[in-house]
Amino acid sequence: MEPLVIAGRTFTSRLIVGTGKYKDGAETRSAIEASGAEMVTVAVRRVNLDRSTESLLDFIDPSKYFMLPNTAGCYTAEEAIRAARLGREVGLSDWVKIEVIGDLPTLYPDIQATVEATRVLVKEGFTVLPYTSDDIVFAKRLIDVGAAAVMPLGAPIGTGIGIANISTLRMMRELITEVPLVVDAGLGTASDAALAMEMGFDAVLLNTAIAGAKDPVLMAKAMGKAVEAGREAFLAGRMPKKLYATASSPMDGISR
Amino acid sequence: MEPLVIAGRTFTSRLIVGTGKYKDGAETRSAIEASGAEMVTVAVRRVNLDRSTESLLDFIDPSKYFMLPNTAGCYTAEEAIRAARLGREVGLSDWVKIEVIGDLPTLYPDIQATVEATRVLVKEGFTVLPYTSDDIVFAKRLIDVGAAAVMPLGAPIGTGIGIANISTLRMMRELITEVPLVVDAGLGTASDAALAMEMGFDAVLLNTAIAGAKDPVLMAKAMGKAVEAGREAFLAGRMPKKLYATASSPMDGISR
Amino acid sequence: MEPLVIAGRTFTSRLIVGTGKYKDGAETRSAIEASGAEMVTVAVRRVNLDRSTESLLDFIDPSKYFMLPNTAGCYTAEEAIRAARLGREVGLSDWVKIEVIGDLPTLYPDIQATVEATRVLVKEGFTVLPYTSDDIVFAKRLIDVGAAAVMPLGAPIGTGIGIANISTLRMMRELITEVPLVVDAGLGTASDAALAMEMGFDAVLLNTAIAGAKDPVLMAKAMGKAVEAGREAFLAGRMPKKLYATASSPMDGISR
Amino acid sequence: MEPLVIAGRTFTSRLIVGTGKYKDGAETRSAIEASGAEMVTVAVRRVNLDRSTESLLDFIDPSKYFMLPNTAGCYTAEEAIRAARLGREVGLSDWVKIEVIGDLPTLYPDIQATVEATRVLVKEGFTVLPYTSDDIVFAKRLIDVGAAAVMPLGAPIGTGIGIANISTLRMMRELITEVPLVVDAGLGTASDAALAMEMGFDAVLLNTAIAGAKDPVLMAKAMGKAVEAGREAFLAGRMPKKLYATASSPMDGISR
């Protein structure tokens, strides 16, 4: 499969995974390994920076994975900017996933603050991958301020709903081609990940769908295969839908 | 992955593929190989029984694949019964996929004739895998007359719609546990196959979705992975859906 | 609105309602009146034929409504035939809605028995409106044996799922034009009824969706309006769907 | 039906209609009358302010309708603010529907500019009804700056897709109760309007769905009934969905 390229860097896997919500470090390590992911997000907040106690970094080998610090738990642009800088200072990375939560019960992103943080950090030399909503106006603004990728939600964080906004994401994919588009958040199971890839998205970022499964390691394996299956199906060019096999025209406006 | 067992026979792959509609024999062979399928359906009608000219069997190695003759092109129970017997006589198999078309434009099955053909052939010692609609009454009748599996459609043959009848198939899966249930027909792309497996179906049978893709070999590979992904996701036990992450209860009656 | 015509008889309303599951006779009467329906189904089983005790007919004025006896509670063609004859003998009607249940937990119809009962009763001079599945082969058989209308389910009886099989019903509507098509069973709320009418169905038959609402009389009123709204929207010819307003072509294969 | 109240003013109809895209003034007038709407939006840009030529106001009787000026065609907060002021100066209204387009091909709103315009205009004494996306963070900001209602899209303007974002709008409805919520834009037919009301939205605002139908006047009538049907169904309390009638629990996570 042709590799994913973000900001000039090549990744063999189109699945990006998080490291939150696992039972323990061993499960985290096993699940990530089973997923086949190469890029792994770590919350700057959760990295034990002085290494005095056990830390995520004891379980994830930085020589095997590309670590992407994220700003999970930040509620303003300033907090997110600070977290990104801290991640770079302690040697984690000059790449960062910007995530600014705007609404507590729903964990919906604050896309205005996300643009602001992205703008500042790009100027400071960061490679910024912002998590955002499916708002095409703000997606274009993120690109304007230098985002290396745009990562819209399929549904709110932690919901497992899948792709709740198919037509909006389809529109986004059709109109945005300058940078990679990654579906980040909301997916719940393997077919959701396959569908995202079939819609032409460049990658998928998952956390709860794996960590929240009854058997996270097996789900991680499933997700790895689903992302490959979806990408290959996209590249293979699916058959057209017809209302019945001998119908004279493909279906118009019917998805099931 | 735990194997699929039908009528006491064990299969390593849960993907069953057809052999119709390919450009030529070489493409057929490559696609089947890429799919990883072990069971392959062949239309008795299309097998060149006297071997005077090139035949499917020149391209599919019977030592590598389990050949399942099917009665494609039959419009009555009698025709289907005759085709099954012919397949056995020429040494193809004493297994048969019964397919009786009841309606020409839609290729919808005649489920009454399907039950009748199944009844007769089971008595003659065949292992019968009938293709049927999503009608639960007739699914139970097929089991009553000795079907070794029940294979309901996800959508009419050749449509690529996907699973058009999610709640009906879910009901069927919940209530039928005596024999394997295989989603046969209507799927269009990898995520459809993954979804079928996630719903707990035991296997998926595909033809047009692979042969009708722009690149059938790549789609075959995608389908192989999607079926594994879907099965593993089913076994892994997916996370519950919630309207938002901090909602107090899982979603009731909302699928997106 | 142009009237509904079944077997040469004209009906002003395209909503047909059942009379089961209400709290009491008064609620039944109020709900039916609020719905605006002209045709009302009554289970032959539930009509108190000797009039010794309170009966449905004490609450529904036969001079205001067209009573359609149904064979609810029958599990074989013979039972359904007997019920139809009984209904005619006691003077209810020579019209009958045939309903033969084939599966107890799901209440799915036995479509083979339904065809058989229809065949017999049509020969005896009945005007038969069979309740059936969404199987197009059997729908055509019902027409062949003289059904005056075909009434496929949107989803199994009493589920309130809505139209679970949109593409199948759409296919049915496109291919069957000889008799009226009525969506019978499975609908849960007003928008379901409107959608059925927008798909071009000639009428909608409801019972649980009204009787099972918290306020049945208000829901009946809603259903009456929804059926009119859906019919008018169908006749008005809806705007095409587009992925975005300035997109160059209508959406292909996307329903949301 | 209990009335809709916005900013202390009572409206008898929960359908709000636009006045764009009609063939001519006569059709506009007929459609609006058929819809039963009381509130009607007019683009300040399109009102012929000096009355030198034929104008919308020649066709819509201000004594019968509540005119809501809108800022259609504005691309910045400043333009929208200017349009609102102009509308008030010429005596149209001190109410205004704020609409700021952020993206030309998709007509997606610029929600940041919308908040800004709302903030300024509320301070100037306007009653502001902003058209916005389904972003819950910005919906809350609109309320914080004094919006009298929040009007999220069901899908982008002019698409007729229907409610593309059911779970997001459901979440919004569950969490926002301070002001009326109106589904504005994207609806295509009567069942879409009914569904919006059944989800508990306070009103529906439509334009293209009516003006773009083959018969706009009949579609207007359908929409009027659909909104009433949906509201009544919401108030009536629909039956629960079940996978099959005798299932022991309502459906979890299944919408069809």
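Just a few scattered comments:
Here the chain labels run A, B, C and D in written order, and each chain numbers its own residues starting at 1.
We take it that a residue touches a chain if its C-beta (ideal position, glycine included) is under 8 Å from a C-beta of that chain, and two chains touch if they have at least 3 such contacts.
Everything numeric in this text was worked out from a predicted model, so none of it was measured.
If you lay the C-alpha trace of chain A over that of chain D, the rotation comes to 180 degrees, to the nearest 5. Shared residue numbers account for over half of those found at the interface formed by chain A and chain B, and the copies are therefore classed as meeting with the same residues. Seen from the C-alpha centroid of chain B, the farthest chain centroid is that of D.
One finds 33 Å separating the Cα centroids of chain A and chain D. Rounded to whole angstrom units, the spacing between the C-alpha centres of chain C and chain D is 34. Centroids built from CA atoms put chain D at 47 Å from chain B. The multi-chain contact residues of chain B, meaning those touching 2 or more other chains, are 105-106, 155-156, 159, 161, 164, 166-167, 171, 175, 240-241, 243-244, 251, 254, 256.
Chain D contributes residues 102-103, 105-106, 108-112, 133, 135-137, 140, 155-156, 159, 161, 164-168, 171, 175 to its touches with chain A in the complex. Of all residues in chain B, only 166-167, 170-171, 174-175, 240-241, 243-244, 250-256 touch chain D in the complex they form. Contacts from chain D toward chain C in the complex involve residues 104-107, 155-164, 188-192, 194-195, 198, 208-209, 212-216, 218-219, 221-226, 228-233, 235-247, 251, 254, 256.
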